[in-house]
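Look for chain A in each of the two complexes below; its partner is chain B in the first and chain C in the second.
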Partner chain A sequence: MRRLLAAIPVLIVASFLSYALVALSGDPLEPLKLRNPPAPQRTIDLETERLGLDDNIVVRYGHWLGGVLHGDFGESVQSTYDIGANLTRATTVTLRLVVVAILLALVLAVLTGVVGAVRQYSKSDYALTFTGFVFLAMPLFWVAIVLKDLAVRYNKATGTTVFFTIGETSQGYSGMSPGAKLADVAGHLVLPTLALALITYAAWSRYQRSAVLEVLNSDYVRLARAKGLPWRKVLTRHVLRTALIPLVTVTALDVAGILGGAVITETVFNWNGLGRMLLTGVARADTDAVASWLLLAGLVVIVCNLIADALYAVLDPRIRHE
Partner chain B sequence: MTIRRLTVIATATLLALTACSGSESDGNDELLGFASCSGSPFDCNKGETKTGGTLVYYEEQDRTTWNTVSSDGGHYVTSVMMRPLLPTVYYGGPDYKPLLNQDLMAEEPKLASTSPQTVVYKLKPEAVWSDGTPITADDFAYQFRTRNTRDCPDCASSSNAGYDLIQDVKGADSGKTVTVTFQAGKVYPDWKGLFGDIYPAHLAKQNGDDGTPAGLAKSWEWFGKTQPTWSGGPFRIESYAEAQELVEVPNPKWWGAKPALDKIVFKVVTDQSSFVPALQNSEINAGDPQPNLDMVTQVQNLPDVNYRISGGLSWEHIDLNLENKFLKDKALREAIFRAINVQGIIDRTVGTFWKDAKPLQNHNFVPESPHYKDVVSATGAGAGDVEKAKQVLTAAGYTGVGTALKTPAGEPVTLRMRHTEGNVNRAATSELVQASLKQLGIPLAIQTTANLSDTTSKGDYDLIVFAWVQTPYFFSGAQQTWGKNSESNYGHWVNEKADAVLLQAIQEGLDEAKGAARLNEADALMAQDYYVLPLFQRPNFMVAQNAYVNIRPNATSTGPTYNTQEWGLKATAN
Partner chain C sequence: MSEAVRERSQAELVLRRFLRHRAAVTSLVTLLVVTLFAFAGPLLWRYDYADITDDLSQSPSLRHPFGTDLIGHDTFAQVMRGTQQSVKIALAIALIGTVFGALWGAIAGLYRGKLDFLMMRLVDVILTLPSIAVAAAVAAQGVGRSQWWAIAFVLGALTWPYVSRVVRGVVLSLREQEFIESARALGAGNARIILRHLLPNALGTIIVTATLTIATGILGEAALSFLGVGVQAPDTSLGLLVSINKDAVNTRPWLFYFPGLFIILIALTINFIGDGLRDAFDPKQTRVRR
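Moving on, here comes the complex of A and B:
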């Protein structure tokens, strides 16, 4: 609770700075002002008033923050755009991508990390290390484009449409049978999830490998083996559990980065999630929408750090006892 | 299974997938559909259709409003998506000229009088909204009242051009004859641009319009915020998912030829690089994306696809600020414009993927217009003739020509050029201008702007590169952009003679050819003043799978959806 309270002033300062930066980055009425034939001055005045552009940044920020506390996320540059509703909808879309990608990346990282550590300097270790470094070095958008290309080639070669390259679902999704819906969601989910997971797992597997190696060389593992405990039991109960602690820390810290990755992934795969919401907001110089987005991202990072704290306690009894 | 075996299988799969690449046809066969579009803009890709099918159309943005003529409107994508619903008197046609909507109008509107200007429209008796209510003069009057800014000051309209000059709109013959009378002494030669995107007045009445300004504003806002269940065109909206897709199906009350397609889906795809894979994967079937070198190259290599790059109505130009103390001197302006190589700029920008791109030589018309006339070449502007430019400066008494230019009074000449932040083509243009001016001995600083409207309206530049968008209704645009008292004349060019000719052009504009000739006269005077250097038209890129016919490029703000009722799958398609 103390940490949660401490995060509030951080959030306020961060949200003000981001609000001010977006507000100063461009004129949201520029497209209206540059229109040919020109928009009537009365129209420009009405829009200026609606968006509060005549007020200074502090007043505008105050109005926005007051609104947020009452569940109103402010006025979008596009008058028909409901920021709050879009934030909720986009969050659910992005969560689907991020949660599945994190889970997949964790499984891959733990598996490859453990195999690499247990078979240190073997051919499989070298192969996994090489693969990890390849994904570590590749930019996310490139992985996404390569996956798309392979998927299109697969579809063409087989004459099917197993993989989809744009969107979260197909047109006519609502009228599909439950089975078809599941296949459709999976067909849309597999490529973006894989792209995000591959880039994410690469770094994590290196942490996991180091952590497992460190634990494997510790005295208590040597003692456990000397006492005749089965190797599998030593590995799962004594090594892996301890070696997961650094990965939990890294995962919590990386959530902000993964959200950033989700922005790119969503853009390339045309998902209508938080990524597109941010990019559209920035393109429109839509201050209230971008500030609301950044506030939510800040909250997510704080919550993830709290979850990591809770997981430490689960994994490490010493923390639990303290 | 060992890791080695898994690796072998994975590698083999990857190699197999890579080997299954699309066939590498040379693309020439695929040009056939749009190949004749420059000569026959209404007949290219024409063919018999079969009933049924869906066409997924690519859009780079979502619609911004349901009211295309509100402050959120005036937006190309919104207009393209809403076009199949909205009755319009004239479209912008594929030949860049006004195109009469023959489904709505019983005959070509008549200019019944020139003083006061009076236009009579005859609507088809069978034209109705999707609830069966006839489309009548009331709908025209609603458009007039909401957009003239007098009857409804709070109806934030995207433009009041022309509507502010109308005296009244009256109906006869059960509303099927509409008479529009302009104010005495006022002339509006662009009258064909009026009454585009007509909204149903009877629904306005049900949703706020009680004849008061507040009621009008309420109904106007209602149209902006409420997804239409109504239609006055060949299609109606079936469903909409924000920022994802808009699905349209045939309007059962449509009185014209029955649409061939069962469904048109406007799919919002914000990432340009997704266009080609989605087209390959048949997740989209057609679109008119902003082209770039990668995209054009990839599309050229796709089988079964028609594509065409043509000149659009948006054009790039370099403007000088005549308030700048150096640029007040015509000799310096002439030298600058003569030194700039427009073809060189094209070669570095749009010319990389559009081989037909040429320097634009007029400020009001594009080469596709019958009124286009080269008024720039004769002035030497844009020729990249540095030696001639140096001669002009030397003759005018400048020193340090080619090294460090000084005015005849001995002051060193320094200038600053601005362009929009993040615009690669404009950045390249600025760099090329910088290199040209360096040869004259002029140091040119390049500065970006994140707020183009602010920069231009405040005149915070010496040179600037940006774009204007033309329409088939050119008179008021010319007056607005070049008139000496206009707020859009950002560089403050004043030429009394040209201004008089511009006004004359408006007065004589009801005779289009005569008015256009006057505009060219005024334009030649501007070119001789070396104020604005036209560069090139921005390209329009139309792509469609060749299984679809009757879909064709339209570079005007109307876009390709002017004839959705004709779109369809080729009768012989699988």
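Moving on, here comes the complex of A and C:
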């Protein structure tokens, strides 16, 4: 609870900084002013008034934040664009990508990390380490484009649509039965999730490997083996549980990066989610939209860190007793 | 005194340990070759990156080792220029991030208390936001938009919090040691303690972190250019080259794969070098044989 209270000022300062940065870095009315034939002065004045561009930055921020607290995310540069509704819709789209990618990356990281540590300095350890290093060095969009290209080639070669490469759902999605909807969403998730997870798991796998190594060398594991506990049981009950704690920390720290990665992945696969919303907002210098976006991202990151705190207590009994 | 018992300096020890790390040494040599290729290559190569030749859309040949694009640019020359720009930006990001981050972390760690609390909360604030999103928001519209130094500045400004967290951690343990106490007893002020005692002793960690920052810098620049808010034509960078050729992946794959492979090569070698440096500076945490 104390950590929750400490997180609120951090979130507020973060949102103010991002609001100010976006507001000060561009003029949303530039396209209007540079239009040919020129827009009438009256139009420009009205837009300035509607967007509150004449107020100073603190007033504008206060006005926007006050609105957000009441569920109103402000005025978009494009007057028909409903920021709140778009944010909700885009979040449901992007969240499934992010959540599934994190889960997949965690599974990959734990598997490769444990294998690498248990078979330290073996061929498989070196192969896994090298693969991890390669993924760590790859730009996410490059991996995504390569995966997409391979999928397109496969589809063409077999004359089927095994892999979906464009969009988050097929056309005619709204008319589908619930079962077909689920299958459609899952089908579109495969490639983007894989791309995001491959880039993400590599660093986690390194942490997992060294965490497992450390636990394997500890006295209590030696004791567990000495008293005749089966190896499998030692691994799951004693090693893995302790070795998961650092992974939880790193995962929570990386959530912001994964959200950024989702923006890139969505761009490659033409999703209409948070990625497109951000980039459209940025291109229009749409302060309220971009600031709302960043506020939501900050909120997600903070919530994930709080979840991580709760998970420590589950994994480490010492923390629970304090 | 015979040669055999000559005392070895710290730097010598680090160097010897680094040279024993085969992957790191191979990477260092590869990286030097790539850098030489990028900075000296253009002086020797017959085409400039801006040259438009009569060879349109050609696959790799002796004349154009990496092929040409739709309007006749020599991809080999473009990759050289792109590598140059990407390396320059990544180094600038690492420099800004490391200098600022190390000072910030050292000050917070030395002073502790309220100042530390406030300084680290600012770090939290920046780490709360997805840096690619913030960079995209600022770089798209800000001053000096799409200039290489502006991109470096924005990404550097989002990199230092990582460095400062790491450096603060090291400084927190250093500040309790006797040599700091003795420096204080001799009348050294805080500025002197940070610059002469804390930072030099944290140098190993700082160098390792800085190395890894270069790799993330290369990838960060590439990501920004891909989103269309990084380096802009007519200039070029590895990220921009991959990005503008993403639709050619199927038809003229050389345009897409060569610059991409260079990004991977650079980031991969830098990460291996960082790994080797970490082992060299801190032999404690390696080689626990069971």
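Assume the second predicted complex is superposed on the first by the 316 of 322 C-alpha atoms of A that agree within 3 Å, B and C clash if a C-alpha of one lies under 4 Å from a C-alpha of the other, contacts with A are read in each partner's own complex, and residues count from 1 in each chain.
The definition used in the following text is that a contact is a pair of C-beta atoms (placed from the backbone, for glycine too) under 8 Å apart; a residue touches a chain by one contact, two chains touch by 3 or more.
Note that the structure is a prediction, hence the values are computed from the model and not measured.
Once the two complexes are laid over each other on the shared chain, residue contacts for A:G26 go to chain B and to chain C alike.
Judged by the touch definition given at the top, the superposed model places A:G260 against chain C, while chain B stays out of reach.
Looking at the shared chain after the overlay, A:R153 reaches both chain B and chain C. Look at A:G298: by the touch rule set out above, it reaches chain C but stays clear of chain B. Of the two partner chains placed around the shared chain by superposition, neither chain B nor chain C is touched by A:T91. Contacts of A:T80 after superposition: chain B is touched, whereas chain C is not reached.
With both structures placed on the common chain, the touch criterion links A:L279 to chain B and to chain C. Touch criterion met: A:F133 reaches chain C, while chain B stays clear of it. In the superposed model, A:L213 makes contact with chain C only, not with chain B. Counting contacts by the rule stated earlier, residues 25-26, 145, 149, 152-153, 267-268, 279 of chain A appear in both its interface with chain B and its interface with chain C.
Listing the residues of chain A that touch chain B in their complex gives 25-27, 29-40, 42-43, 46-47, 78-80, 86, 89, 115, 123-124, 127, 145, 148-157, 161, 163-168, 171, 174, 267-270, 272, 276, 279-280. Per the touch definition, chain A reaches chain C in the complex via residues 9-11, 13-14, 17-18, 21-22, 25-26, 120-121, 133-134, 136-142, 145-146, 149, 152-153, 213, 216-217, 253, 256-257, 259-261, 263-264, 267-268, 278-279, 281-283, 285, 290, 293-294, 297-298, 301-302. If you check the complex, the residues on chain C that touch chain A are 121-122, 124-134, 136-138, 140-143, 215, 219, 222-223, 226-229, 239, 242-243, 246, 249-250, 256, 260, 263-268, 271-272, 288-290. Only residues 3-4, 7, 14, 16-18, 20-22, 54, 56, 64-66, 70-72, 74-75, 149, 153-154, 156-161, 224-225, 239, 241-245, 247, 265, 267-271, 273-274, 277-278, 280-284, 450-454, 456-457, 468-471, 476-477, 480-481, 487-488 of chain B touch chain A when the two sit together in their complex.
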